[in-house]
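Handing you this structure, nothing more for now.
For reference, chains read A, B and C in written order, and residue numbers begin at 1 within each chain.
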Amino acid sequence: MLDVTGINHTYGSGAKSHTALGSITFSIEKGEIVCIVGPSGCGKSTLLRAVSGLLPPTAGESRFMGELITEVPRDLAFVFQEYSKSLFPWLTVRANVAFPLKARGMSRRQRHEVVDEALGWVGLADAVEKYPWQLSGGMQQRVAIARALVCQPAVLMMDEPFASVDAQTRAELEDLLLRVRREYDTTVLLVTHDIDESVYLSDRVLVLSKAPSTVVSTLTVPLGAERDQITTKETDDFVHLRGEVARLLRYGTAVEHDEAGVAEEAVPVEAAVE
Amino acid sequence: MSRLVRNIVGTVGVLAVCELVGRSGLVNPDQLPPPSVIGARLVEMFNDYEFSVDVVETISSWAISMVIATLFAVPLGILFGSVPMINSATSAIVEFLRPIPSVAMIPLALIAFGDSYDAKIALAVFGAVWPILFNTVHAIGDIDPVQINTAKAFNLTRRQMLTQVKLPAIAPFVLTGVRISAGIALILVVSTEVLAGSAGGLGSFITETGTGGAQMDLAIAGTFVAGVIGFAINMIFEWAQRRWVNWSDGDRAR
Amino acid sequence: MTVMEKAEKKVTPRASGTSRRRRTVEILGKWVVFAFFIAAWQLATTLAEAPYFPTPSTIGATMVDLWLSGPASQLWLSDAVFHDVVPSLLRLLGGWAAAGLVGVVLGLMLGRSEKLHDYFSPTISFLRSIPPPALLPVFLVLFPIGTPMQLATIIFGVIWPVLLNTIDGAHTLDETVVETTRSMRLSKPRFLATVVLPAALPKIFAGLRVSLSLALILMVISELVGSTNGIGYQMILAQRNFSLPEMWAGVVLLGILGYVLNVLLLAVQNRVIGWHTRSKSLTGR
């Protein structure tokens, strides 16, 4: 579904240049949830923007269903970290969620149906006529997710979507995302700094090194489709995996891992003590 | 192309278009001369003693009114703003008096003051006082009580409180008020000069040369000079704000 | 319940009950103070007997004479209202609206195109610095006397606050907003109309309010200098006749007009960008 090859991105030029992304290569299959974790400043957000077409990379390419990405593809939706700035303050919740549909020319009655369904689905059926500033952070992010889903995207890109909400809301939103994948079979590429979250949510975890970053390792998460905030996090598999991810982030040493034959990168990286 | 280059290119382009239009015959060249003609006149005019006197008179009238208005409005504003009762009372009055356009009083002032120069100054002061007063009163009211309490905890005298805490705190707002007043005062000075006819000043020069369309090149050149004065005043204030009070975002006009 | 939800619950009930009462008291208080002010003014002018300062009662009587002495069928408005006040108002509002429209459209485009803005910003900065009265003699020659010349003066003077504020509002669009709309693949016109414009509306309204007071000023001066009817024209006539109460009547009328127009515009502003004022009041900025 999504093929990323050799993405490199450098900001600025000459002496003041900063290479955020060294060379990133990976692929995502349909229906997968893939989480990207990395130390702060490793360019995770840059990667998401470069891959999705928001930012033309300095080198490398990404392909969506075989087609080269030069601008954001039609079937790709984005959810940003700052929901308060991503939602339009002058529109009600309903109008916000309907916005992309309106841009695509959907009729009003159809829009109404689709929007109400999406909002009901994320649990905000009561808030349709409210304005974003009247909602809590978690509710605003749900609106943003509903807006992203309403166009039925093939791929959902999420940039640290749950970083700005409290822990309890984060747990609810994580489960919401799992439900989304279960019911709509959406492919998700999610960037996060939270190790637990990356393991809990994903089918695969991509660990990035420090800038200029490369994929240090790819871990497969064999935790099954049905997950629970409490019981899953107690399993041995979970504990072991999160430990590996934590070690990779801290020491950057390559780790052997494989069950489904997923490519692993044995790239030696400088030890980085956090 | 860098920003500066684009600035220059754009400006030159605009002037070039004006030059072309002026020479093309689309407009009457006596009524609307092209920039080159106006430029030539400008050079001549600045060698003319009388014109320079006019320019100086306008600028000095403006400056005098601004000084008087500020010296009058700031202390008054601090006084009004510091006493809550007076504060709410006066802000009600100011709210009703502020919308009166001071230019409406030009005919009145011209017959009330025998001398048009006095009328000019009086009007400009009157017009300039309101924004400064308004902003100062609001600024005093808006001072963070935490800052006052901190100063009190340091046992500052009343005088020190005023000079070292209150005045710096209200400076950005007062400066914004003064900046707005500067524009109003210039408008009033020039308006009075235009309406008073043959009194001194740049406005008067433009009126005399422009009447009947006889010397439009001089009139437009005079207008250009007025624009330069206005531009210089704006630049000075923007610089002043950046230099002294850019630690606050109190540059929102009210 | 999150902190945010609790805070919201606290705000809403209070907003309808107590604050409305408080606001009515505030408004009444203002008018009471103003009434005292008028009384004091009356006292001062009666005692001083200065020829250039007629008493408020004299001014009031003059105003009624001038403008409210018509037949009941015309709502008691005198002919002078239709001959002078209405044309002035039409010129004022027409010029202001035209300048506003052009200013907003140009401002949106210049605000989003760094390059275009760079080309024109020195010209704009200069033109806006010209004190409008300096242009009056020039416009008198270029445009026919009366409405055309006045409209030209008003439009040319008033377009700048709107233009500059719109550019500012369109320019300071948050990075996340821009990325959100790019991820939705909006066309440029749609982007400008449905995202940039609403986002810039608070600043645009600030510019429109400044423009309105400026339009009033320019309407007056242009009428003082070159018109055949209008409030300013009536004041010049009064000046020639040395009729001080009539001159003061004009001043007061203009003050009332300015006040009412501003209140109306504020009401419109609250209607249109209520989402902004209310959310700002919650965050306290």
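Operating definition for what follows: a contact is a pair of C-beta atoms (placed from the backbone, for glycine too) under 8 Å apart; a residue touches a chain by one contact, two chains touch by 3 or more.
Nothing here was measured: the structure is a model prediction, and the numbers come from that model.
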Could you tell me which chains make contact with chain A and chain B both? C
Where's the contact count highest, between which chains? B-C
Which chain has its C-alpha centroid at the greatest distance from the C-alpha centroid of chain C? A
Which chain is the middle one, judged by CA centres? C
Chain centre separation in whole Å, for chain B relative to chain A (CA means): 54
Taking the mean of the CA coordinates per chain, how far is chain B from chain C in Å? 19
If you average the CA atoms of chain A and of chain C, how many Å lie between those two points? 48
Residue positions on chain C within touch of chain B in the complex are 29-31, 33-34, 37, 52, 115, 118-123, 125-127, 129-138, 140-142, 206, 210, 213, 216-217, 220-221, 224-225, 232, 235-236, 238-239, 242, 244, 247-248, 250-252, 254-255, 257-259, 261-262
Contact footprint of chain C on chain A as seen in their complex: 49, 52, 54, 71-72, 74, 76-78, 80, 82, 85-86, 88-91, 99-100, 103, 131, 133-138, 157, 166, 169
Where on chain B does chain C make contact in their complex? 3, 6-7, 9-11, 13-14, 31-32, 88-89, 92-93, 95-97, 99-108, 110-112, 183, 186-187, 190-191, 194-195, 202-203, 206-207, 209-213, 216, 219-220, 222-223, 226-231, 233-234, 253
Chain A touches which residues of chain C in the complex? 2-5, 8, 174, 176-177, 179-180, 182-186, 190, 194-195, 198-199, 201, 273, 275-276, 278-279, 282
